[in-house]
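All chains are identified by letter, namely A, B, C, D, E and F, in their written order; residue positions are counted from 1 within each chain.
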Amino acid sequence: MSTVKMVEYNEASDEVRAVYDEIMQAKGIDFIPNFWKTVATHPPMLKQLWSEIQLVMADGALDPLIKEMIAIAVSASNGCDYCINSHTAAAIKKGMTPEMHGELMAVVGFFNKTNKLSDGYQVEPDVKPNID
Amino acid sequence: MSTVKMVEYNEASDEVRAVYDEIMQAKGIDFIPNFWKTVATHPPMLKQLWSEIQLVMADGALDPLIKEMIAIAVSASNGCDYCINSHTAAAIKKGMTPEMHGELMAVVGFFNKTNKLSDGYQVEPDVKPNID
Amino acid sequence: MSTVKMVEYNEASDEVRAVYDEIMQAKGIDFIPNFWKTVATHPPMLKQLWSEIQLVMADGALDPLIKEMIAIAVSASNGCDYCINSHTAAAIKKGMTPEMHGELMAVVGFFNKTNKLSDGYQVEPDVKPNID
Amino acid sequence: MSTVKMVEYNEASDEVRAVYDEIMQAKGIDFIPNFWKTVATHPPMLKQLWSEIQLVMADGALDPLIKEMIAIAVSASNGCDYCINSHTAAAIKKGMTPEMHGELMAVVGFFNKTNKLSDGYQVEPDVKPNID
Amino acid sequence: MSTVKMVEYNEASDEVRAVYDEIMQAKGIDFIPNFWKTVATHPPMLKQLWSEIQLVMADGALDPLIKEMIAIAVSASNGCDYCINSHTAAAIKKGMTPEMHGELMAVVGFFNKTNKLSDGYQVEPDVKPNID
Amino acid sequence: MSTVKMVEYNEASDEVRAVYDEIMQAKGIDFIPNFWKTVATHPPMLKQLWSEIQLVMADGALDPLIKEMIAIAVSASNGCDYCINSHTAAAIKKGMTPEMHGELMAVVGFFNKTNKLSDGYQVEPDVKPNID
């Protein structure tokens, strides 16, 4: 259970409610997810996060499904329960098939292993991007 | 510097050298990266890792460039110096443009933030995949 | 549920009970929190931890509320459910207002993001403390 | 060394240079730190980060020195080399004494330990904020 | 609850069921643990993991109980709920006494603390293995 | 390079020098490792850490070599450069063979992978220690 009292729609200030309306419209849902009702306890953070998520998740050089799968990779590496659930749900909605999900997790698992082996043996970087 | 004495090609056993030859051929390179020369100090691990990386990185439901970018996402979240360097180099080789790199990092940064906010407020999962 | 059978007050050895009494008195509570009942399964650890927490949380160059908020920052970065709950409760008891809580979390979230960006781009340290 | 070619001031676009000028003015410095020259490779991220850091680090319910020490706590918990250096330097500039630094690190160390003990024994949360 | 629909024994393909049979026989149990029923949603991963766990957990230079305790140390450091539970159960089955468990956790806690202090102060490595 | 000016033996207070003498005697070395010279900038932490390390690393239900290998497992999982170097050196001094080192790392790598898969799929714990 959240460590703060979440801000429900009908108790929200006009400022918060305006963001809530945008969230529901953008996501095509008729409720406010717990994450947003929680960060709304600090309105400047609610507004900042909502503005940033629209920027970073927009269709661009990477499409939104790829971005959602990267969110799963990050959340799995960090072990964030809320985020793993919500990003897996979102990725499926955007078209992630079971095969894609399986391959994603195999990649996430493998590189979490090699990350710790590289660190654990203090392997010195030798393969680097050529940045000149 | 590695915490073990890396296994150089000309000092390697036949078993290790056979894997080294496969690595150079598969990657189209003429040297053995430090990571592989390090894990070769424990030959069963060298063989296991080389077998697994071919499995998980193969072209499938996700293409190899996407998998390489997921490797960057994982490695950045874990702060693995060797891995960030080598996967960034590999992703560029496979076609990652500066725009794709920038968007990838913006997504990685954002979700590392929201992961910690979700955990830090103990937000209860409410948006979940429908698995039935 | 704990992976060990917690040590209840009325089943505790004299040695453990003496620490329990100090904990209840110091915290002004009439029960032993689960954390302490769990580490009491290894009495040398119980005594070590109780001694150390009094040392590190004492009023000093930093006041106890600041220290409690640093505990929240650490616990959120690590995603420790027990710790986030208990330190948030303790910080509120010591005077953390909702505004302070919101600003704390905004800072924690932001630097978790920039930490991963700095690592993820392998940015070389250039701004360092002058230690001479 | 950074995995991207950093954007130097005299090679920067007008858009990037405008942010660089603000950074130097706000920080009272006459160079652009590596972190900012690195994220400038993706201008929307540069602008987003600069806007957000001003928001979260502003004097408010918590003062800037406390916020800088929280940044150290987060960066130490994540092991981010760049960030630990830059935030330690910034905190000293804002008035962190050696005594404050020592106490901060003692708190950071202690709670990283208890976080792992709480998780490692799967201690069930019982001390929680009263959010009603 | 798992983010995928777990593969139950009586719904499993022949390929998956063959691994399930080996797991039950090797572990001397008559059910399939949730971890294996989950990764079975991606059969190549199920087979890869089952093959690897037999390799890495085999009696060798380190005995299986020590390996199980190392698994607890890793899982506690990562805060993985499933893994802490299952490896603690397995270690007890293999002979871990309460004293061994207590000492293990004290070591895990201590080095999680010193890890963060070493990083948090950016201590330069001076004690290194002599690898020549 | 450390973010604080390390305390050299000949500049140390009597209180710090007394601990330094104990460290050198206990470890059979004639210099003070950087870690200890760094934490000595906050003498209460130096004394606390030196007291605790003697407690947790003492020969007991687990022998010192096993404890040193657990320290490597923790440090590799956290990616702590200083700690990986110093604990690998210490474990070799205490008798860790290359075979033991290889098996240790294979176990550490594997469980870092399965930790992230368990979290990443939100697998519900079903195999738990029987604590009654």
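Keep this in mind: contacts are C-beta pairs under 8 Å (C-beta built on N, C-alpha and C of every residue); 3 or more make two chains touch, one makes a residue touch a chain.
Please read all numbers here as calculations on a predicted model, not as lab measurements.
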Chains touching both chain E and chain F: A, B, C, D
Both-way neighbours, i.e. chains that touch chain B and touch chain A: C, D, E, F
Proportion of interface numbers common to chain D and chain E (over half same, under half different): same
B-E compared against A-F, more contacting pairs: A-F
Interchain centroid distance [CA atoms averaged], chain D/chain F, Å: 27
Approximate Å spacing (C-alpha centroids) for the pair chain C, chain F: 21
Shared-contact residues (touching 2 or more other chains) in chain A: 1-4, 44-45, 48, 52, 55, 75, 77-81, 84-85, 88, 99, 102-103, 105-106, 108-110, 112, 114-117, 119, 121-122, 128-129
List of chain C residues in touch with chain A within their complex: 79, 84-85, 88, 98-99, 101-103, 105-106, 109
Complex contact set, residues of chain C against chain B: 72, 75-77, 79, 81, 84-85, 105, 108-110, 112-117, 119-122
Chain D - residues contacting chain A, complex: 1-5, 44, 48, 52, 55, 128-129, 131-132
Residue numbers on chain D that touch chain C, as the complex places them: 1-4, 33-35, 38-39, 45, 49, 52-53, 55-57, 60-62, 66-67, 69-71, 73-75, 77-78, 80-83, 85-90, 92, 97, 99-100, 102-104, 106-112, 114-119, 121-130
Contact set on chain F toward chain D in their complex: 3-4, 41-42, 44-45, 48, 78-80
